[in-house]
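One chain, chain A, appears in both complexes that follow, with chain B as partner in the first and chain C in the second.
Coming up: the complex of A and B.
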């Protein structure tokens, strides 16, 4: 056992963790915005919006993320207008932006389905009650539908987030030196793939486990009404003897 | 008008490129992708049922092994697992061959790329299939197992006549999801050099400089593969649940 080698490998891979987290965070955040738009289109009742959202989900869930990434990074730059555009070109020539864009577009398709399911799962009685109280549509959405739907979406959405952490590894395919890219470089330099990849694997696993824990905690916070009531004995304060 | 001409030009270039042999390459790519997916699914089904049994067993040690398997292989990036099996396999094979003296100290024995890729994707697929099987087993009514026991059926008979048909029926929709996942994971095997669809598209794109055309084609072909499998799994679902009439 060569513990120095393991330590230095883990340290080098860890130095690339911020980059991995950056891709992950931006991909997930932008994806969330697009997903909300798609969910709204699906739920709005406009036929055109609904068809667009359906087609979007079909395309982005049915093909591998790697194809989407290559299509954006290598494919789009083939258009002359993309290369001459002062707005598009700085984005599409940068592998970092391309990865974030591909991840965001991809996760938006999966997340919008999760959100759609959660919206449909909101009990009708709650919405009817809100209507009976005379709540305007937006207030009803803000105070009744959204909080319930968010809590219902959380378990599936956390799975999707973890899939996104795993997807950041694809950034290494377009020359980005995030954790996977760094691990691969060390592996090529030392030709000790098993040791190097095990180190990287441990970091990815710990990252995913902590994300899962975080989401479980948020879910716990959001569902106080589903928890068993605290023990009675803790509730009743002992009467002070001085009285 | 100019736009139309442009489009026609593009289409004729696309046709020429495909007719020049890249079309055949892509078709071969599809068959390799399907081969990789089918073999990975079979490896995954074998491992998945063993792991599901381990996770459901009464022994704490087995449960821990099953639990770790599904956590690790669902929690790691697919790319990492594929590299681990491909390059790691090369490392092990080279080490063994060097220590037995069958190759020189500077030679390398490469892991066969198909084997390495299929093992990696199969093991990942197995982790997801294990969860599907476990869920289906838990959905079987307890009373049926008790009834089978009460009739004095042996463990093997219970498995063959009561558990197996029901697990299959309940697992089909979940297996459909895993199948789609495995098709998409198979695109990552291109890094090991298996000439599946992604690698064929990659080669074509790099040598002709028509990346948009070939990656878009690859995307469309993946879409075709994933959407064709949906009705097939629906049919399988109808077949496996043919003896169950839903109460109206």
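Coming up: the complex of A and C.
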């Protein structure tokens, strides 16, 4: 075993980690914003919005991310108006922007479904109590619906985030030298696929492990009510007969 | 019958007080083809404790939920402290609130206690008590906290103030829910079968709290199956049968001499 080769490969791939993280972070963040909009459309009760959101999810969930990425990067530049647009062209000629855009559009479809499910799973009684106490719609959403839905969505959403970490590897297909791109280059230069891909795989594994732990920690912080109750040190007094 | 009812309702009201804390006129509600409420009227004055009885499906819970518009009645008038809740014709032909702000304001005066407690599960007991007063009534948080602690002491669960609802027994949760309702300083309290989801040995602690509220002169509408509470604590009993007011009157009188065959049968079933 050539440990020097392993070390140098790991080091080279790790140097591309910031780029991977950048794609991941922006893709996920922009995706979250779009997903919130889609969820709102689905939940608002406006027919037009609902149909749009449904169609969106159908398209972006139903086709491979790689197809979407190629269509955005290679496909859209076929149109003259895109190449001549002062707004679109600076974005769409840049593989980095294209990757982030494709990831965001794709994850938005999945995330909006996760959020929609979570919203629907908020117990009716919790919302009714908020209504019965006179909370206006937005207050009700902020204090009751959203916090509960968030907790319900977190486990599924963290899985989606981890899927997105792995999806960043697709950026290598449009010339970006993030971790996967870097690994591929080393592999082509050295013809040692096992060593190189193992290194890359282990780094992805550790990256996802930390993301999963981070989400588990957030989940822990948000769910004291689902853990066993604190030690019942204080004896509870019975209600006095005369109050 | 209806003349009798009006007379009964009138006799129960204290003289010289013509502004009812809550008054419902001819409320109707259907779910699909099924008419659940067939024109129910009720008047409660300050300090009245009205027990609403009826077998399951009689419409008693629906009636209560129509008062604070958790269900939208098809027709009828609700006045709280003299203020009419204004309704308008919706696009689908059904009634809907004309001004949701007004509804929210009225709801804040009509605190509700639910059968399944419905404490907000992600908040501690104390946070549950403070949430609505600070965010709906806009009262200062410190003042709300102080009141919340006092209320929790009163219902006997102050030691549990930092607990989350799932960590408490049903009886404790329902007492917390009553304290949450009290924190709004409501004009009228609505109880929707507050003891029906409790283990038998926990019913007593909740009823004791409710009795103490009745004794301090709170206005309460209580949908219940607790005959003892209806007979001993309430100032009036309303018995619903198939969506109509079957009988209404003083509890002692009603239980001693059931005015209708239905009510007689109803209490006979309970005494079995």
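Operating definition for what follows: the second predicted complex is superposed on the first by the 229 of 243 C-alpha atoms of A that agree within 3 Å, B and C clash if a C-alpha of one lies under 4 Å from a C-alpha of the other, contacts with A are read in each partner's own complex, and residues count from 1 in each chain.
The working rule: a residue touches a chain if its C-beta (ideal position, glycine included) is under 8 Å from a C-beta of that chain, and two chains touch if they have at least 3 such contacts.
In this text the structure is predicted, and so the values were computed from the model without any measurement.
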Quiz prompt | Partner chain(s) touched by A:46 [first = chain B, second = chain C, both, neither] | solution = neither
Practice problem: Would you sort A:75 into first (chain B), second (chain C), both or neither based on which partner it touches? | Solution: first
Self-check item: chain A: partner with more touched residues, chain B or chain C
Solution: B
Practice problem: Report for A:147: first if it touches chain B alone, second if chain C alone, otherwise both or neither. | Solution: second
Exercise. Look at A:11 in the shared chain and tell me whether it touches chain B only, chain C only, both, or neither; answer first, second, both or neither.
Key: neither
Exercise. Kindly classify A:126 by the partners it touches after superposition: chain B alone (first), chain C alone (second), both, or neither?
Key: second
Practice problem: Using the superposition on chain A described above, determine whether A:217 touches chain B (first), chain C (second), both, or neither. | Solution: neither
Exercise. Find the residues of chain A that appear in the contact set with chain B and again in the contact set with chain C.
Key: none
Quiz item: Which of the residues in chain B end up touching chain A in this complex?
Solution: 71-72, 75-80, 83-84, 87-88, 90-92, 180, 183-185, 187-188, 190-191, 198, 201-202, 205, 209-212, 215-216, 218-219, 222-223, 226-227
Self-check item: Complex interface listing, chain C residues touching chain A
Solution: 68, 70, 100-101, 104-112, 114, 116, 118-122, 131-132, 135-136, 154-157, 159-160, 163-167, 172, 175, 180, 184, 190, 205, 208-209, 212
Quiz item: How about chain A: which of its residues touch chain B in the complex?
Solution: 58-59, 61-68, 70-71, 74-79, 162, 165-170, 172-173, 180, 183-184, 187, 191-194, 197-198, 200-201, 204-205, 208-209
Self-check item: chain A residues touching chain C - in the complex, by the definition given at the top
Solution: 123, 125-126, 128-137, 139, 143-144, 147-148, 151, 222, 224-226, 229-230, 234, 236-243
